[in-house]
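In the two complexes below, chain A is the common chain; its partner is chain B in one and chain C in the other.
Showing the complex of A and B:
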C-alpha cells in the first residue's frame, strides 16, 4: 500500500469519524464549553476548563445526567481570542445549546446582542459587562455571583477598613494594574467615581497582552508613584508576572490586592516573597466536599478528566466547578418549571432566573459550606453577593476576612446608569418581553 | 503651555531631582535590552545564512525552555537536562533543514517565511501536547543562577540590582562575544558569511548549504535556549513568552537584519528607550507607551535609514 493511499484512507476515516462525533441527540442536553487550553491565557483557562468539564461529567457518570437526561459536553477552544470566541458561538448555535459560557469579557460583549435573537442565555460568571446584572434590560445575560464593580467596591471597602474607615482614604494613592483589554478596563468607571467621592488618587498601570511577562516598566512607574495600595485586575500569565515583579521591586506584599482571578500557580511563582498577597474569593478550595469526592471517584480516577490529580480542588479548578454548578442548577430548574426532560435555551434562561442555592440546597448537592447562598431573579441576574479576602501564606490560601458586602448603594446607581446608557447607545435595544416566573 | 511643560521640562527636572530613579530606569532598560538582543540574535543568525525571516524564533525560545524544565521535572539532573535540550535543538535544526528548507530551495523568500509560520504552529502544538499549557518555573537554582537582590545607595537613593539580571547581562555578553569569534575566526563561520553573501558563489567553492543551514538553525536554537532560561527565570515559562519575541522586530529594524552588533545595539536602544519613555513620558498619555514606542522609533529609522544602523545597504540593478 502506498504512502498516498494510507494518507487518503486516514483522511477518509477521520472525516467519517467526525460524522459520528458527539451530536445533539433528541434525548440529550447540549452544553458547549468555551475554553482555552492553549495560548498565553491557558495557565488560568485550563484549570477552569477542567473544573467545568469534570463537574458536568460527574453528573453524567453518577446520575446519568440531569433529570435522567445525559449532557453532551463539548469544548470549543477560543484561545481567549474574541474573534475565535465568536466563531465558537457561530459553530455551536445551530446545535441547540442551552447556555454558553464565553469565559472572556471580550467575547461576552459581542455575544450580548446576539443572545436575545438566538434565544441562547449567556453565563458570564463574575466577569463580563457589569451592567448586565440588570435582568430587566439584559434578560438573556447572567453574571452571578458578583460584578466587577461589586468586586472593586469590596476591595476599596477592605482597604478602608484597614485604614480605619473609608474617610481615611482621603489623600491616599491607589494604583490599578490591569490588563489593557475590556476585562481590565471594566471597573475603571467605578474606581474613578469612588476616588472622586472618597478623595483618593488613582494611578492606572495598563499591561498590554504582549507584555504580561515583561512588566518591569509598570513596576518602575509604581516605584516612581509610590502608591499606598496596589489593586490588580489580571488574567493568565499577567498575574504571575505581576506578583514576581512586585517581589522583585520590593513592593510591600500586604498592600497588594487582587480581584478573584489569580490561582495557586500565580502566587507560587513569586516564591517566598509572595507571602501576604491578597485576593477576593467566594468559594472553597480543596476536595473535602462530597461533590468534589464524587468528581475524584467518577471522573478523575476513571481517567475521564484532563486535570492532573493534584490540581483537582485548587482555586481555579473549583471556580470551574462553581460555574458548572450554576449551569446544572439552571437546567434542573428548567426541567421543573417546564415539566420537560430535554430543555431548550429559553427554558434554561428561566431556570437561571429561578436559581436559589441556599445552604440546604448546597448540602443536598454535596457542596455544604462551599459558597455563600445566592438567589437570582428576573430583575437581578447577579446576586451581588459578598466575597471574602484571602491571603497567600507561602503554600496555600488562608481566609483572612469575613464576607465583605459590596457597596450596594454606590454600585447600584452606577449599574442603572450604565445599563440605561447601553440600551440607549444600542439603537433598537428591545424592551424585555420575557415573562417573569413566579419563583423568580 | 502646560502640556509643553509636562513634555519638555518636567521629565528632565524629575531626572535631575531623582537621579537614583534615572539610574534604576537605565539599568532596567539595559537588562531588557540585552534580553531583546538575545532574541533578535536568533533572527539575525538565520536571516544572515538563508535570507529567511524565521517567524518561529519566539516559539523556539518557549520550546527550548519548556524542554529544559520538562526534562528536569522527569528527574533528569539540571546540567544533563541542559545538554539534552541542546541535543533536542540540534535534532530540530536537522529536521527543519531536511523537512522544511531542503524541499523549498529556490522558492521565493515569502514561501520560506510562510513555512516558518507553519513551523511556529507545529511547535506550539507539539509543546502543548508534550508539556501541557500550564506555566512552569524555570529551574534557576538548579542551574546555579544567582538569586536575590543587592541594594546600593547611589546618587542619593536606593538602586536595586537583581543578581539574576546581572547574570543575564554577563551570560548574554559571553554568548554574543562567542558568536562574534565564531563568525570571524572559524572556518565554519567564514563559510557561513560566504553563504550569506552569495549562495551560488558559496556552492561553487564547495560549501555545503545544507550543512550550513543545520549549523545556523542549531546556533539559533542555542541562543533561543539561553534567552528562554533568562526570560523564564525572570517571569516564568509559558507560551505568552513567545509574544515577547515581537519586540525583536523593532530591534531588527534598528540594528539591521544581518548584523550581530546591530542586534545588540538595537536591543539596547529599544530596551532603554521604552523604559525611559514609559517612566518619564508615559503619565502624559495615561501610561502603556512602552508597548508601541519601540515600533515608532523603528518606523522613524525605516524612513531615514531602511537598512538599519549596521545593515548592509542593498543596491539592486534594474
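Showing the complex of A and C:
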C-alpha cells in the first residue's frame, strides 16, 4: 500500500512539475520535429526524420543557426499514431514552436483548425488536406510543392507521352493500387474524370491498412485483369509489399508507376526484378550537392546524426532535407520581414507565404539543381510544381524525364470543388484575417 | 486508524444499501471530485488536453466494455467500431441540427451506437467466449469498412475525415478549435461523472444482477427465470452506448477531428487491455486501467529524460519510446502476476487492510 501511495504521489508530482517545463531560452528558435522511428511506418519515417534533423543541425553547426540565432531542434516520437501525434502537439505547444510538421495525414487533420487559434503554422509537405493549398481559406497550412491531383495528372501525362499522345490512351486499362484511406482515395475523382474523357478504363485495387504487407489478393486480380499500366498510391510497408508482389506475379515493371512516396528500401525489397519501376520525384538524390556535403562534414562525420553514412543522400533522406529547407527558408524570410532575430510562429507563417526558391537562391544555399524553383503566395500555399519521373535501375534511381507539368486547369477544378465544399460544410470557418506580405 | 468502520451505525435500510457506506469513502470521493474540477483551473493545457481529457475518455470506454465483458461476461473486440458509430452519428446530428446543444447530441449519439451494438450482439445467444469475440471482430471490420466506404457519413467531405465545427454551450465554445481545454475538460468530466454514477447504480440493481448471473452461469440464470436474450442484448446495448459516447467525446472534445483509422482494431485491444488490467467487473478498475495504460507511458516520457539529464545523458525520442514500451509491458506483466484480478482487486485489498490497521487480527 505504501509503495502504491508513494508511486502515485510521485506520479502526480512529476505530472504537475513536468507539465510546466521551462520554456526554451529567449535567444533561440524552437523547431519541433514530429518523427516516427518506431511502428509500422518507421521504415520510411526514420530516413525522413534523419534528413530533417541533419539539415537543421548542419545550419546550427556551420552557421550557428539561422541569422545568428541557434535552432533548438527537438524530436517527438509519434509512431504515426494520431493519439501520440496530438500528445506531441500539446507537449510542444507551450514552448513557442515556429512550425510543426506532422508527417501523417491523420495527425494533420486535427491540427488544421487549431493552427489559426494557437498561431502555429503547419507544414504538411505534399500530404495532408489537399484543399489546404488554398491560402485564402487555410492561411496557416502549407502543403508544397504539389498536391496528389497534380501528381495523378502528371502520371497520366507521362503514360500518354509513352503511348504517343493522350488520345492513344483510348481503350487502355489502367489499374490504381491505393491505400484504402483518404490519402489513397483522393486522386480517384480526377482519375475517373480523365478516364471518361480520354476513354481508358480504370480498375481500382484498394489495400486496407491492415494488409499492406499481404497484397496477394489484389495482385491476383491484377493478374486476371491485366491492366496496361499500374499506378500506386502507398506509404510505409505498402510500397515494398506492392513491389515484391508485382515482381512475384510477373507484372512488367516498366509499366508500374507510383506517386512520390516509395524509397530505395522499398525498391530493393523487390530484388533484381524491381528494375524498371518508376516513380515521381521533385528533388535530387545523392550527396553531390554542397549543402549535403556540409551535412556530411558537419553533422554525420561528427557523429551528430543517427543516420548511417550510406543512407545519407537517399531519396527519403533528401525528402527530409527538402522539408527542412522549406522550414529554414521560412524562418530566414520571417527574420527579413520582421527585422527580428527570434521569430515566432506568426512571423514564420508570413515567411512561408513569401518563400521564393529560384535557381539563384538554391545555388546560394548550396543546393543548385536539387529541386525545381518554387514560390508560394498568400493565395497559393502549394505551388503546383512539376515533378519528374525516375526509374529504379536495380541499385539506384535514374532520372528519366524532364519535369512534367501538372494539368493545371483540372487540378484547379478539383481544388475549387474541395475548397467550396469545405467552406459550405464549415459554416463557422473563419475568414482570412491575416495580412498579405509582398514576396521578399 | 483514519479509515474505520467502527462507530458508524446503519440505522436505516437506505444507509445500509448506500454505494459508499463509510463516511471516509464518501469524503474521499468528494475530495477527488472537487480536486478533479479544481484541476480545470490550475492545470496546464498539456495536463488537461493531453492527459486528463484522454484519460477520462478512455475510462468511459473502459466502463462500457467492462459492463459487457466484466459484468455480463461477453467478450467483445468491437469496442473501437462502436466508438466510431458514436462519433460518426454525433457528427451527422451536429451538422444536420446545428442549433441543438451539442451535449444533447453527444448523449443521443450513444443511442445509435447502442442500436448497432445490440444488432451485433445477436449472435451472443448462440455463441460464447472466444467464438463470440470472433463474431464481434466482424463488427469491427464491417463498421470500419462502412466508415471508409459511406461518404454520406462524413457529409461527402473530400478528405473523408470528421471535423469539429464550432459549437457552444451557454455561449462558451466547447467543440471546435476555439474551445479552451478548460471548457472541454469540464464538459468531459461532468459527462463521465454522470455516466459513471448511472453505471454504478445500474450494475448494483436488478439489471446488473441479471448480467452477473448470466456471466457466472447462463444455464442456471435461465433456470431461475432470467431471459438470456434480453439480458445479453441489453448488456450489448448499454455497453455500446458508453463506448459511443466515449467515441463522440474522443473526436469532438479531444482530437477535434479524425480519420476513420482512429477506430481500428488496435483501439479495441487498447481498451480491452485497460479493462483486463484494471479489473474485470469493477468500475473503479476501469479508471485504474485507463490510468496505467494511457497515463503511465506519458509519465515515463517525462520522467525518463528528467532522470537521465542529471547524469549528462541525453537520449533520443525513439529510445524513450522503446523504453516506454518495455517498461509498460513489464509493468503489465508485474501487475498481472501480483494480482491477476486487476488493479481494482489491489485497491480492495488495500482498503480492507487499512480498515484494521494498525492492529490486524
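Convention: the second predicted complex is superposed on the first by the 416 of 440 C-alpha atoms of A that agree within 3 Å, B and C clash if a C-alpha of one lies under 4 Å from a C-alpha of the other, contacts with A are read in each partner's own complex, and residues count from 1 in each chain.
We take it that a contact is a pair of C-beta atoms (placed from the backbone, for glycine too) under 8 Å apart; a residue touches a chain by one contact, two chains touch by 3 or more.
Only a predicted model underlies this, so the values are computations on that prediction, with no experimental measurement involved.
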{"item": "First (chain B), second (chain C), both or neither touched by A:182", "value": "second"}
{"item": "Touching partner for A:209 - first (chain B), second (chain C), both, neither", "value": "both"}
{"item": "Which superposed partner A:373 touches (first chain B, second chain C, both, neither)", "value": "neither"}
{"item": "Touched partner set for A:38, first chain B, second chain C, both or neither", "value": "both"}
{"item": "Contacts of A:86 with chain B and chain C, given as first, second, both or neither", "value": "second"}
{"item": "Touched partner set for A:265, first chain B, second chain C, both or neither", "value": "first"}
{"item": "Partner chain(s) touched by A:249 [first = chain B, second = chain C, both, neither]", "value": "first"}
{"item": "Touched partner set for A:220, first chain B, second chain C, both or neither", "value": "first"}
{"item": "Which superposed partner A:129 touches (first chain B, second chain C, both, neither)", "value": "second"}
{"item": "Common interface positions of chain A, toward chain B and toward chain C", "value": "37-38, 46, 180, 209-210"}
{"item": "Chain A partner contacts - residues on chain B that touch it in the complex", "value": "21, 24-25, 28, 31-32, 124, 128, 132-135, 137, 149, 160, 162, 231, 234-236, 238-241, 243-244, 246-247, 274-275, 278-279, 282-283, 286-288, 290-291"}
{"item": "Interface residues, chain A side, partner chain C - complex", "value": "1, 4, 11, 14-16, 18-20, 35, 37-38, 46, 74-77, 79, 82-83, 86-87, 90-91, 93-94, 105-106, 109-110, 112-114, 116-117, 129-131, 180-182, 185-186, 209-210, 306, 417-418, 421-422, 425-428"}
{"item": "List of chain A residues in touch with chain B within their complex", "value": "37-43, 45-46, 180, 204-218, 220-221, 223-224, 236-237, 240-241, 244-245, 248-250, 265, 268-269"}
{"item": "Contacting residues of chain C [partner chain A, same complex]", "value": "43-47, 49-51, 54, 95, 98, 148, 155-161, 163-166, 176-178, 254-262, 264-265, 295, 298-299, 302-303, 306, 316-318, 320-322, 325, 346, 350, 353-354"}
